[in-house]
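Here subunit A shows up in two complexes: once beside subunit B, once beside subunit C.
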Partner chain A sequence: MSVLRPMDKLPDLNRATVLLVSTEDALLQQLADAMLREDCASELRVHLAKSLPLPSNVNRPRVDLIVFVINLHSKYSLQNVEESLQHVDSSFFLGKVCFLVTGAGRESHCSIHRNTVVKLAHTYRCSLLFCDLEVEGFRATMAQRLVRMLQICAGHVPGVSALNLPSLLRSSEGTLLEEL
Partner chain B sequence: MEQLREEQAAEEAADPGGERSGDRSEDRICLLLRLRAQTKQQLLEYKSMIDANEERTPEQIMQENQIEAKIEDLENEIEDVKSTFEMRNLALNRPFLKIKIKDKGIGDLENMNIKKRLQLKQASGSKLSQLQMEKNKQKEDLESMKDSDMIKTMQKNLQKEIEIATVVQHVFQALILGSKTNWAEDSAFKEIVLQLEKNLTTI
Partner chain C sequence: MSREPDEDVDLFDLEQFKRSFKKILQRALKNVTISFRVAETNAVWIRVAWGTQHAKPNQYKPTFVVYYPQTPYAFISCCHLKSTVPLLHQALRVASKHHQIVQMDLRSRHLDSLKAIVFKEYNQTFEDHNSTAPLQERSLGLDINMDSRIVHENTIEKERIRRVTQESFGDHPQPQLEFAQYKLETKFKSDLNGSILADREEPLRCLVKFSSPHLLEALKSLAPAGVADAPLSPLLTCIPSKKMNYFKIRDK
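Entry: the complex of A and B
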């Protein structure tokens, strides 16, 4: 299967699956650990991948949330993410995709401008989160946020759907009126 | 390369205490209710996806005008939705703004002046509108008066009377001139003759 579709499989009962895509292995592992340590009523499954497309030979549950982690220090991570985006079905972008940007703290090491990522998130109408994943405290907070988002995307929160997420997570930088 | 990690964070914790069965059944009921809510939400999501996919995009080639018209309609819809959203945001924020203004002491006096001015404006506006209405009423009454039948019959009668009087005038004039009397000598006679000359339609 070359394209990830959000609704082509039935959901497992009480299970929520998140797919973390990034070239930064170490950061992903740490983030995955932090997420699994979180208190959550549903069963969490965390899949890690370097890039899409995923190999089709593995039997895999339905992915509820895709998090693309971009490191501002390396242009390769951005390139990788942009290439992987082509293998995601368009219906995923209705709130089930999130961009997580790390490394914004150290300006001198940044080779990608912040605006590039902001534009990318704006083009795909997805939520954009900033976090310094190397700091333990921030990582734990971000893991908590991602777990909440995952619960919403998996449909485990009655009354809130994944469609609400992009507008709810919109930062003050990009308001509705400025979009025009 | 893909890695898979699993962990179970199940809710059914084993109670070390004595009341196991009671607590467990409660836990199970809670779990079932939660699963029920989850399944409902997921069903709702799938249903909405199905409804969204039923809308087919036209496969035949549409004319450019139609496409442009459709694009304009969609843009207008987006504008309307955005404006209503902003209005609702403002409406929701209004109570917070009111509370903020109430907290300030000086702000109260300013509010009083503003309120009084507003009241005056409103009163003057209402008075002006009342005046206008009165004027319009009078105009309408006049115009309706013109059209009434009573006035027409009265005008007809007046016209008849004027004609009769004119005929009588002419008859008397003819009588006096025919009698060849000197009407200029007697002042009363003179006045009568001059009166007969008057054109009754201009009175």
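Entry: the complex of A and C
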């Protein structure tokens, strides 16, 4: 009952909704602001959540894309994401989920190894994006990418569907892992 | 530092305190410089410069003591000569007419914060007619800054965290401490059977030290920032109420 499903609601006309999940509210707020500043033909909605499951008594639109934000400096954020993943329906993982990892720039503060998140993304067959969300410029670029991904997941880009996304966004590291 | 009074001493005689303090120190050490100053806040500041039998007192490394005569508390700055510490304690105890002197496990660079913790002055919020307004402004401010296209899903959880943090730490500004140190002397506990560490008879020694320019404010902001779960461990939240920031944890 508390599982998030991709197709259980009808889509609103020209609307695209993204759900950002992370323990660190300040990062999410900044990312949401950056995403909304982008010029976009679709009407954007950003939902911020600390963890899943979401409260069930709220009337919310269909979620097109879920972005799990993990901070490499905090084991707590990874643990939170791993627990939240259990409340997402498996059909979401056909391109509508992506992992965004921040904090890789400051190696000395990292308490989670990069390979841990690489393996996590590989297990769930999802795209993995790295970005230092604390830097304004990187955050703006990442917001741009996320908005484009969101439009694809909402079906607003003709000819490209969410299913194409994992293979389009695969980095060379991802291919190495699959060859093993 | 604290001491338990033996008898009730009603009147504090500053001159007698000074004489007694000086006498004890000078009887034991020939070369020592002692000076007194009374501050407006009813505190006696004592400056002691230590010397040895053959050397003049070193004026560049003095020890300061701040004694509040109406209370059983005195604050001592770090003494670089460890051997003189018991003598200093004895002088304070006898001069202030107390039976016993005990060193508290509370250390900080900020005298005001130590005072606030020890005299329990930190949780006084100033009452004025605007005291209800700030809370309203805080929630309104969030709404104004927010784009209507951003929806916060976990407002109930956020509210719970805010409430729990307020219950643990209060609304007032926290006293400023730099460290919290936990010395563990406990046996290793493990779920796995036959773990090498679990078989040890002696307790495992481990030291955990938290440091920050303003430790208590940092701890207070952990849960709202999403870095830790609320409520925080009582070992962290009990620091002002227990008046300790150096803990020794043993098995019961």
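Going forward, the second predicted complex is superposed on the first by the 174 of 180 C-alpha atoms of A that agree within 3 Å, B and C clash if a C-alpha of one lies under 4 Å from a C-alpha of the other, contacts with A are read in each partner's own complex, and residues count from 1 in each chain.
The working rule: a residue touches a chain if its C-beta (ideal position, glycine included) is under 8 Å from a C-beta of that chain, and two chains touch if they have at least 3 such contacts.
What you see is a predicted model; the values in this text were computed from it and never measured.
Contact-wise, after the overlay, does A:Val3 reach subunit B, subunit C, both or neither (first, second, both, neither)?
neither
Between subunit B (first) and subunit C (second), which does A:Val135 come into contact with in this model arrangement: first, second, both, or neither?
In the superposed model, A:Val135 contacts neither subunit B nor subunit C.
What is the contact status of A:Leu36 with respect to subunit B (first) and subunit C (second): first, second, both, or neither?
both
Is A:Leu168 touching anything from subunit B or subunit C once the two structures are fitted on A? First, second, both or neither.
Neither partner.
Tell me the contact category for A:Val58 with respect to subunit B and subunit C: first, second, both or neither.
In the superposition, A:Val58 contacts both subunit B and subunit C.
What is the contact status of A:Tyr76 with respect to subunit B (first) and subunit C (second): first, second, both, or neither?
second
Just checking: does A:Leu13 make contact with subunit B only, subunit C only, both, or neither of them? Give me first, second, both or neither.
first
Taking the superposition as given, does A:Ala26 touch the first partner, subunit B, the second, subunit C, both, or neither?
In the superposed model, A:Ala26 contacts subunit C only, not subunit B.
Check the residue A:Val46 against both partner chains and state whether it touches subunit B (first), subunit C (second), both, or neither.
Touch status of A:Val46: both partners.
Once the two structures are superposed, pull the subunit A residues common to the subunit B and subunit C interfaces.
Comparing the two interfaces on subunit A, one with subunit B and one with subunit C, the shared residues are 32, 36, 43-50, 54-55, 58.
Using the touch rule from the top, collect the residues of subunit C that touch subunit A in their complex.
147, 149-154, 156-158, 224-229
Under the stated contact criterion, what part of subunit A meets subunit B in this complex?
Those residues of subunit A that touch subunit B are 7, 11, 13-14, 32, 36, 39-50, 54-55, 58, 91, 154-159, 161-162, 176-177.
Quick check on the complex: what are the subunit A residues that touch subunit C?
The touching residues are 19, 22-26, 29, 32-33, 36, 43-51, 54-55, 58, 60, 74, 76-77.
For a test of understanding, state which residues of subunit B touch subunit A in their complex under the given definition.
Counting only subunit B, the residues touching subunit A are 1-11, 34-35, 37-42, 44-46, 48-49, 82, 85-86.
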